[in-house]
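Below: the structure, in structure tokens.
Going by the order they are written in, the chains are A, B, C and D; count residues from 1 in each one.
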Amino acid sequence: MKTSEEYKKSLQQMRPNIYKFGELIEDVTTHPATRRTVEGHAQIYEAAQKKEYADILTTTSHLTKKPVVRYLSILQSAEDMIANVRMKRLMFNLTGTCTGGRCAGFNALNAMWAATYDMDNEYGTVYHDRLNRWLRHAQENDIALSGALTDPKGDRTKSPLQQTNPDMSLHIVKTDDEGITVRGAKVMICGVAAANEIFIMPGTSYKEDEKDYAVSFALPRDTKHLTIVETRRPSDTRELEPGFDIPVEHGGITQAYVLFDDVFIPNERVFMCKEYPYAIKAVMNFVAPYRAAIGGCVAGQGDVMIGAAALMARANGLPEKVFKDKFIQMMINNETTFGMGIAASALGKKHPSGVWIPDTLLSNVNKVHVATLPYETKRIAQDIAGGIAETGCLPSCTDLNDARYGKLLKKYLTANCSGETRAKIARLIEWLTIGAGVPGCMHGGGSPDGAKLLINAKSDINQYIELAKRIASIDEEIIVEPKKK
Amino acid sequence: MKTSEEYKKSLQQMRPNIYKFGELIEDVTTHPATRRTVEGHAQIYEAAQKKEYADILTTTSHLTKKPVVRYLSILQSAEDMIANVRMKRLMFNLTGTCTGGRCAGFNALNAMWAATYDMDNEYGTVYHDRLNRWLRHAQENDIALSGALTDPKGDRTKSPLQQTNPDMSLHIVKTDDEGITVRGAKVMICGVAAANEIFIMPGTSYKEDEKDYAVSFALPRDTKHLTIVETRRPSDTRELEPGFDIPVEHGGITQAYVLFDDVFIPNERVFMCKEYPYAIKAVMNFVAPYRAAIGGCVAGQGDVMIGAAALMARANGLPEKVFKDKFIQMMINNETTFGMGIAASALGKKHPSGVWIPDTLLSNVNKVHVATLPYETKRIAQDIAGGIAETGCLPSCTDLNDARYGKLLKKYLTANCSGETRAKIARLIEWLTIGAGVPGCMHGGGSPDGAKLLINAKSDINQYIELAKRIASIDEEIIVEPKKK
Amino acid sequence: MKTSEEYKKSLQQMRPNIYKFGELIEDVTTHPATRRTVEGHAQIYEAAQKKEYADILTTTSHLTKKPVVRYLSILQSAEDMIANVRMKRLMFNLTGTCTGGRCAGFNALNAMWAATYDMDNEYGTVYHDRLNRWLRHAQENDIALSGALTDPKGDRTKSPLQQTNPDMSLHIVKTDDEGITVRGAKVMICGVAAANEIFIMPGTSYKEDEKDYAVSFALPRDTKHLTIVETRRPSDTRELEPGFDIPVEHGGITQAYVLFDDVFIPNERVFMCKEYPYAIKAVMNFVAPYRAAIGGCVAGQGDVMIGAAALMARANGLPEKVFKDKFIQMMINNETTFGMGIAASALGKKHPSGVWIPDTLLSNVNKVHVATLPYETKRIAQDIAGGIAETGCLPSCTDLNDARYGKLLKKYLTANCSGETRAKIARLIEWLTIGAGVPGCMHGGGSPDGAKLLINAKSDINQYIELAKRIASIDEEIIVEPKKK
Amino acid sequence: MKTSEEYKKSLQQMRPNIYKFGELIEDVTTHPATRRTVEGHAQIYEAAQKKEYADILTTTSHLTKKPVVRYLSILQSAEDMIANVRMKRLMFNLTGTCTGGRCAGFNALNAMWAATYDMDNEYGTVYHDRLNRWLRHAQENDIALSGALTDPKGDRTKSPLQQTNPDMSLHIVKTDDEGITVRGAKVMICGVAAANEIFIMPGTSYKEDEKDYAVSFALPRDTKHLTIVETRRPSDTRELEPGFDIPVEHGGITQAYVLFDDVFIPNERVFMCKEYPYAIKAVMNFVAPYRAAIGGCVAGQGDVMIGAAALMARANGLPEKVFKDKFIQMMINNETTFGMGIAASALGKKHPSGVWIPDTLLSNVNKVHVATLPYETKRIAQDIAGGIAETGCLPSCTDLNDARYGKLLKKYLTANCSGETRAKIARLIEWLTIGAGVPGCMHGGGSPDGAKLLINAKSDINQYIELAKRIASIDEEIIVEPKKK
């Protein structure tokens, strides 16, 4: 397994194809727009080699029987999936935010592990074998693998072919003996700047006439004709400044628009090619573990919010007990999303391919909590921390160091610690609750409304009704006839 | 294992010592104040013999290797504990309410299994062996075992010895070679009317000078000098009436004041006798599984509420889709308490005695949800069902059958089903949300405030602070000095 | 104005036509099923004559310039409407529950005051003059006036004429020179047992072919061919028992099915007769003040819950400060529904007839709070009070006084006050939160879903969109075309 | 009254003394860090001259009987206060955010109007007369007046004199015949960049030995020795960029550290000088109207969020009805804070000086809602809008216009409108929910915890207890004795 230095070197060796603010980023490991996310991902490589975290971050490859980082493993049991939830919590604990260049890739790999197995069974294709070989290569090189599902989609009520432009979802424009050529984009893709490769999957279901959109493959991030534009995030220009107004040096998120301008993918990297019925099946394989594990993510960031808020209280001269009930509520929120992730893991089932798939109902219930509870946790953090942190309402680092008035500012920021430390804590809370550290927990991994539809789909109202009828000894059949129009 | 008929017979053979409304109940299986709870518990015996439920309700005794009902088993793994959570959900699904004459006994047995093991190790006592033998007897006779922890306590800010009367908590008043004599009461005890025996445990911690209060034992429900007074519950006099105003015939709760008027307990049934440091340890052993499993209980009743509300919607002529978001919210509430119970089970640990103890933190987080979410579920059920169900606002069964105007009432109750069926559904919702079927989810198994204290105790705020300091590279030590008075 | 004794006498002089449990109630002032609600309403007569409450409960008739109880007045200003909100809070403070035999009548009177004015203007009818004369009579006799809107309705998705039976909503079956004859029922009608007359109004909109359902009138409660059946409520049979298991002697709710078996109404009492476009207008006139004032109701009961919970805490030996945050949350809930009622009152408008009509938007927002916040208040009351109050889990009054074991029960109930007082407090909390004192705040005055529809109808999403477009300087017109099917 | 052009000219004529990012801002009306807030405040001047808004924004001076902007008027009735609440909602509707350079000044003026009246009565001082004359000057010049209360305070558990440095709260360091000299700072002060003068008030209570801290005065923003440093806000460097990444041109917030380096204030501008008992009284006068009116603020921003979310839904191709329940919930939140502000206004009382003071209890209840409900409204806006808006996850304006790939980005952003418009809408939602447009509703006007303390202080638990005792006929006196230590 790679060291963090080797990891960074591997990134430096890649072709520059990432832009932000109109600038081509020559070296993602040093450019201020991307170096924090690289450092965050580098912490995975570091932690994997530390005794205290090795159990959580590494496992044994079922292919090679050698140790691998979990992010490149196949989840094979409830224990694996529980470790996944813990791993996400740990990484948020260590970086303060999302290391999104790994988890979507990890999930996509597992989702396609099952889907390729099923496709081969049904169609006699060789996708599973290809994926097996690709995975050996990935494990051997200990690559950082990001994943991408979300298409631009265009008008939400229309299918890909009804759009003005057929490119609004990624699709195959050409196939030949060597491979396929794809056009379109994947958008809002986490952590590609920190990744060596990207695992591509469909983002929704497709019908027969849309089969060109049913496509999955893995490609190096610097593949020819692939252009990446990083999106901007709250307060992201601060990342280009010196000082602590971005208070975190070893963690950060990026999300990109990944543009495929007729990109060629060789056959050995293609894992789905027009098998349209399996697009949605692969998505479902992706959704359950993703929505379970994300409970660990928001719990992990919530942990940091508790700490930051408690630190701010102390900086203000206030003991924690003043805010005891609020801290407990934050803990309850954290443990709820974490716990629901654990529960979905524990009640999962093994797919014939060997992949462990968490319980869909509980995963989706968790997605709803993940889209709700962290908002309360952030609100409480701001409540405890005071106005200074709520909207980041304190002078910039530049001003704090101004020769004319910086000294006065620091004087007036002083409380139960130095003014500078208090300012740093305030910036941390701002970063966590309304700044560049806020992950997309509402829509990451799909919307809560989508999750609610799955909750509804997983539950048969008639079974509930039968329980009630039996208990109250009600025999009459009650049917509501559809309204005539 | 007993049939339900044998179970009822075993109850009929006991000495009558239960009172309600000033009346001694001669036969708990037929008296209207107790027969519903007996029927509910009888469903356990029935279901244990049904193929579809056997996996959930029965297991193999680790003592005898024979099949036993889970309620008389020692929980030995995460799987056992998960089955416990499922079992509780199932029994609420089948009875609509609490079969509380089993679960506290089950928990007390397991809690004391670990505590006796530890006491014997520390003090060289023989409690664990006694409990082992008692358990064999219990399993062989397939008894219904209730459990009791809660003492009257008196003034909450005073210890037992500070009370005006030392009997406000159950205590030993005499010991001799044969056994011990106890005085006091256990109050608000579930399901003793449906039980063959009662397992007694301390309800809190005791200091050395209070060691007479550290006592645990099991005794037949009809032991000499033991008097039981059933409490009244919402709408409980309806249970004495004919008709469907209590809409459930095969389920019901009772809660009793159990009065110990110098009751003698022979040594072989005594499992703690003045080992005061183990009182709170036993309580802690009890709390974690109880507060995990109760998530299954409220989910199970919530399932019935979904069904009842959907049935009422249909009865009113409305399709379920009108209330889709509300049903989904009810499902989310149910799956959250269920899931948190599963999570606490999955992350538990094995005690040296062999007992599996769920995670304390997650169990107590669940207790808080259990004290909150079902209230919302009930509110939504009333919301969907309409005014007729909200406060049970429809004429009595007697009036519906009145020769003079009953016909008119039924006419006006008719909607998308007969008036009588609609009235029954309304009564079911009333019973579930504001009637005799409401279990004590707020304070059963201890108060949510107690759970919050445990959540706080389980979490070291300094660890959270260290996470935040590391992430934002803050080195300054910040200490809040205690205020001088 | 009448004394409370004169009021009760007036009730005694009426023809008995009220039934409960199959029994004709000969004297509503003494029969245990109705005497508590009569006593509650009698408190209105008493309070109206007390200096401290006179401002809230009485005003000057704009017809006679003499003092009248507000319940028989026309609301003419924001101040009148604010006094109405306060009056409702006061009456809940004094009785612990709903005195529902007055407010629906009061609202119906005001709603029809405006509607008759408009109808006369449009149709040249004489309803407003009739109502004027009827009101003088009502004020002169200081009658207790209940009101009734809700029809049985049958299948909710069908109109009255689509029902199997045309009687599912109250309708005119005959008109002649002297008056009209009506058939059908009004259901779930509050407080008729305590009323001298009932004011009848339509409950929804009607189309031209349903004009027979557009009918409004006032009639003495004991009118010929009118039969009243009281519904049962949680724990209502306790009202028939001696002792304090129903802890309130001078307050109580009743809700009745009022059956019209071809009842004749003379013309001078008829205020709408087939003018179908005014049915829904009258309903809207009713809804705004009702949904504003109900905020005072639930606040008033919430006040008592705070007191009862604080008293229980003291009885348990605990000072209020232990529960400070919980009490504050209860206060916030109470003041929110009260305040929203005040706001709707303050922003109302004067109808040409002189009636003050509160703001529809704020009234309906309040209806949603009224259907939500009291549930939380009750939950907190149970949280503070402990298991003894949550489900009424303590022995009956009969058992507390049992010669054999009553003394023991009282001993074990003792805490920081006598066992009997503690039991009474527990019963009060049970009565308020899960017993006979719970008013129908979810569906009383219509469902929260109905309120939400009105909120939506009152708000034009395009206006909000224009705000957003202007602020962000967005010019592009964005239209979503309806989906083709 | 001034035109908006005259207003901007008046700002240009002032001495530059505002810094941000180490730069002295020469002209606040054109510098990108301040011009948006100036434009926002200029909209007040514009709207005041528009017919449709004149009633809300202007009134008649009770001093001169001439028209004045409400922000410089004395609130004299419930109607005035209600207009204040409406005015705040309107200004958020027009600017999308806070025009905080006016409301704190307006509140401080009114608070001190009452306090000076009382001080003069008690001490024979001449403050009220001074304030009267100053106000005439302010009205005649139609100045923009900001207000400042918040001191740096240092360690929260220590009083000003216990701090390491006595300057942690603003205090008088010298008095002479001409005036006073003050040192210290006011921090997190809204809108001073858009103000001509600043009204200074104490922020808390002071004891006799702290009387130098009891000081109030008004001073021109460009007074000698006054230095202002603007704080940074989320994404504030975008304000320095071209393009629409800050989507609002005519509105914006600034919050400043205002540093008093021995500033001289002439006597005629001093309204409190060491009358320490009146410090907290003035604060209380300030708090009630501020916490009432802020309900209008957050409602006003909430209105824009509804519009922006609906616009985004349309841009995505989705009709509003898909999100109907969510829009209704947003409306409920908006109307609740607005309504509670109206209610507090309606139930206020007239101070002998003529000032109308809203109800303290309802104002503080509203403060709690204001610190809670907008967070839910923002969450829902993000929920409806999708991932593109949640964390501003779309490329920068610079990138959208990049010659190499900008066209592709716009293509992929296209949905039911152009890509550029869709991007603008997403930026607006980002700005409103997690960007530079977020006002400090949690701690602005004091913390919700402070409000809760006032709610508690305003409510006597014994009165609640008496209600409960009376209703349940409980006579026993129950007292909890304080615990002995």
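Here is the rule we use: a residue touches a chain if its C-beta (ideal position, glycine included) is under 8 Å from a C-beta of that chain, and two chains touch if they have at least 3 such contacts.
Treat the numbers as computed from the prediction; the structure is a model and nothing was measured.
Any chain bridging subunit B and subunit D, meaning touching each of them, is among A, C; the list is complete.
Interface subunit C/subunit D: over half of the residue numbers present appear on both copies, so the contact uses mostly the same residues. Legend: contact pairs of A-D compared by residue number with A-B, B-D or B-C; the interface matching in over half of them is B-C.
With centres taken as mean Cα positions, subunit D sits 40 Å from subunit C. Computed centre separation for the pair subunit A/subunit C is 52 angstrom, with centres defined by C-alpha atoms. Centre to centre, using the average C-alpha position, subunit B and subunit C are separated by 37 Å. Within subunit B, contacts with two or more other chains are made by residues 157, 317-318, 325, 416, 480. Subunit D makes touch with subunit B in their complex at residues 157, 325, 480, 483. Residues 78, 82, 93-96, 244, 247-251, 303-304, 306-308, 310-311, 313-315, 317-320, 324-325, 327-328, 331-332, 335-336, 338-347, 361-362, 365-366, 368-369, 416-418, 421, 424-425, 427-428, 452, 455-456, 459, 461, 463-474, 476, 478-480, 482 of subunit C touch subunit D in their complex. Partner subunit D is touched in their complex by these residues of subunit A: 19-22, 150, 152-158, 164-165, 167-168, 185, 187-188, 227, 229-238, 241, 245, 255, 257, 259, 261, 316-318, 371-372, 375-376, 378-379, 382-383, 386-388, 390-396, 398-399, 402, 404-405, 408-409, 411-416, 430, 434-435, 438-440, 442-444, 447-449.
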